[in-house]
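I'd like to ask you about the structure that follows.
Letters A, B, C and D mark the chains as written, and numbering starts fresh at 1 in each.
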Amino acid sequence: MNRQALAERIAAVIEREDRASRLLGMKLLEVGPGRARLSMRVSGEMVNGQKVCHGGLIFSLADSSFGYACNTHNQRALAASCSIDFLAPAQLGDELTAAAQETAHAGRTRVYDVRVTNQAGELIALFRGKSAAVKGTWVE
Amino acid sequence: MNRQALAERIAAVIEREDRASRLLGMKLLEVGPGRARLSMRVSGEMVNGQKVCHGGLIFSLADSSFGYACNTHNQRALAASCSIDFLAPAQLGDELTAAAQETAHAGRTRVYDVRVTNQAGELIALFRGKSAAVKGTWVE
Amino acid sequence: MNRQALAERIAAVIEREDRASRLLGMKLLEVGPGRARLSMRVSGEMVNGQKVCHGGLIFSLADSSFGYACNTHNQRALAASCSIDFLAPAQLGDELTAAAQETAHAGRTRVYDVRVTNQAGELIALFRGKSAAVKGTWVE
Amino acid sequence: MNRQALAERIAAVIEREDRASRLLGMKLLEVGPGRARLSMRVSGEMVNGQKVCHGGLIFSLADSSFGYACNTHNQRALAASCSIDFLAPAQLGDELTAAAQETAHAGRTRVYDVRVTNQAGELIALFRGKSAAVKGTWVE
């Protein structure tokens, strides 16, 4: 199986199990070796006390795209630490896209950068996630 | 009005508006000047492809406690950037608590540290958030 | 004056004042709008208790390249917060290069990503810096 | 040997080797299990293009205190990632102190928080470092 087909097969397994991403209405747009792109619409249930999208849900979208991307190598990996910069608020009705890309790899650690943009292409948040490889594979 | 009463009154306003925290079943346990404590139960809808609580939802709990805490001074504040370290997975059924506390204050920036623990008191995640003051107050 | 010439003129002003970068033997290789590249050789004075380059000095190289890059717009800017991931140790005698590039811009905040590599092109560290614009310009 | 005596003996070994900390004039004030306190005077050679202490050298002080603290358990540990928030500038002649304290421990990872203050007790920077245990001990 080539690396692209493997990435897609693993993503299908994750998608089936990942109820949290489903709860937030996320859609997997694209996946490949070391990368993934997901979208999420800011619904009325997602706003916070400032009447814009709750930062935790923007983080969740970025984190899911990171989770897909860092597992495409068929080595199970867990998020160890993440950071996010909020650059512009996401409004009710916005269609957000998170694009995750592998930036570095050293030993058991991989670093991923994620850009979250809205439907106008404006940058909403920058996310950096580090994963740690753990035992186990996704598919045989 | 003293600072404790003010913190409680602002928290009541935020609670009414914050639909995202309600969607995730968060409960405000306690609030005071520069601090807040919230809880959240890990439901079946909150698990990810690894069958543990989605990291974004743990982040959301921490972020909400940070949001309450950094607005207790009656100066509207927004999250500018946040980082999180995941130290142990949160399991289905876990009752998580996030305790936010102000660590530093310089100009328009405030730094908050949040500890997320489970019902056994085990540390699940460490979160650090920086807020930026913006125009406006919560109550007159 | 075009933007490239402006970036170079500002860099010359910073270089004259920046005694700390000189103490560590840093050299400015290249500067342009929103970017800068510096080098530093790991001398015997730069090793730590583990006999590899002190992480603070790797950070300093990245921070200097960030400092040059974020001031190229002729708006004085200060580092507000930075993070670094150490991916491989830098050895005595290594020739390190830090390349800073602007990643995002929102209001008074700019985000820069810096890659620190050694003479073999291996990635030593990934750095992310956020700057805040302050009053004043570098040149008239 | 009790834990305090062990921490002191390891610190003496590190101090002998750590030429970088010596180059910057750092002094070890105190060490104990999971903690360390160091000082550094901002000399004329440490200023940057903005005529305040170079951020990388403030980071270096914090990083050294973290390095001492995370090695007190006689399990060799390396810095994996660090973040710093600069809250106030450090001026020429300032006497800075960095106090590192262990905040969390999970598997091979430990998290340390460091506060950097000046001679007036003002908070200059907040640092968070994560270490990874590696093979080897400091003393038998």
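To be clear about the criterion, a contact is a pair of C-beta atoms (placed from the backbone, for glycine too) under 8 Å apart; a residue touches a chain by one contact, two chains touch by 3 or more.
Source: prediction; values computed, not measured.
Its C-alpha atoms superposed on subunit D, subunit C is turned by 180 degrees; the angle is given in steps of 5.
Of the two chain pairs shown, A-D and B-D, the one joined by more C-beta contacts is B-D.
The most distant chain from subunit A, with centres taken as the mean of CA atoms, is D. With centres set at the average Cα position, the gap from subunit A to subunit B is 22 Å. Chain geometry summary: the mean Cα position of subunit A and that of subunit D are 34 Å apart. A straight line joining the Cα centres of subunit B and subunit D is 29 Å long.
Touching of two or more other chains is recorded for residues 80-81, 83, 85, 109, 130 of subunit D. Against subunit D, the residues of subunit A that register as touching in their complex are 80-81, 83, 109, 130. Against subunit C, the residues of subunit D that register as touching in their complex are 13-23, 44-51, 53-57, 59-64, 67, 71, 76, 78-86, 89.
Residues 83, 85, 87-88, 103-104, 106, 109, 111, 113, 123, 126, 128, 130 of subunit C are the ones touching subunit A in the complex.
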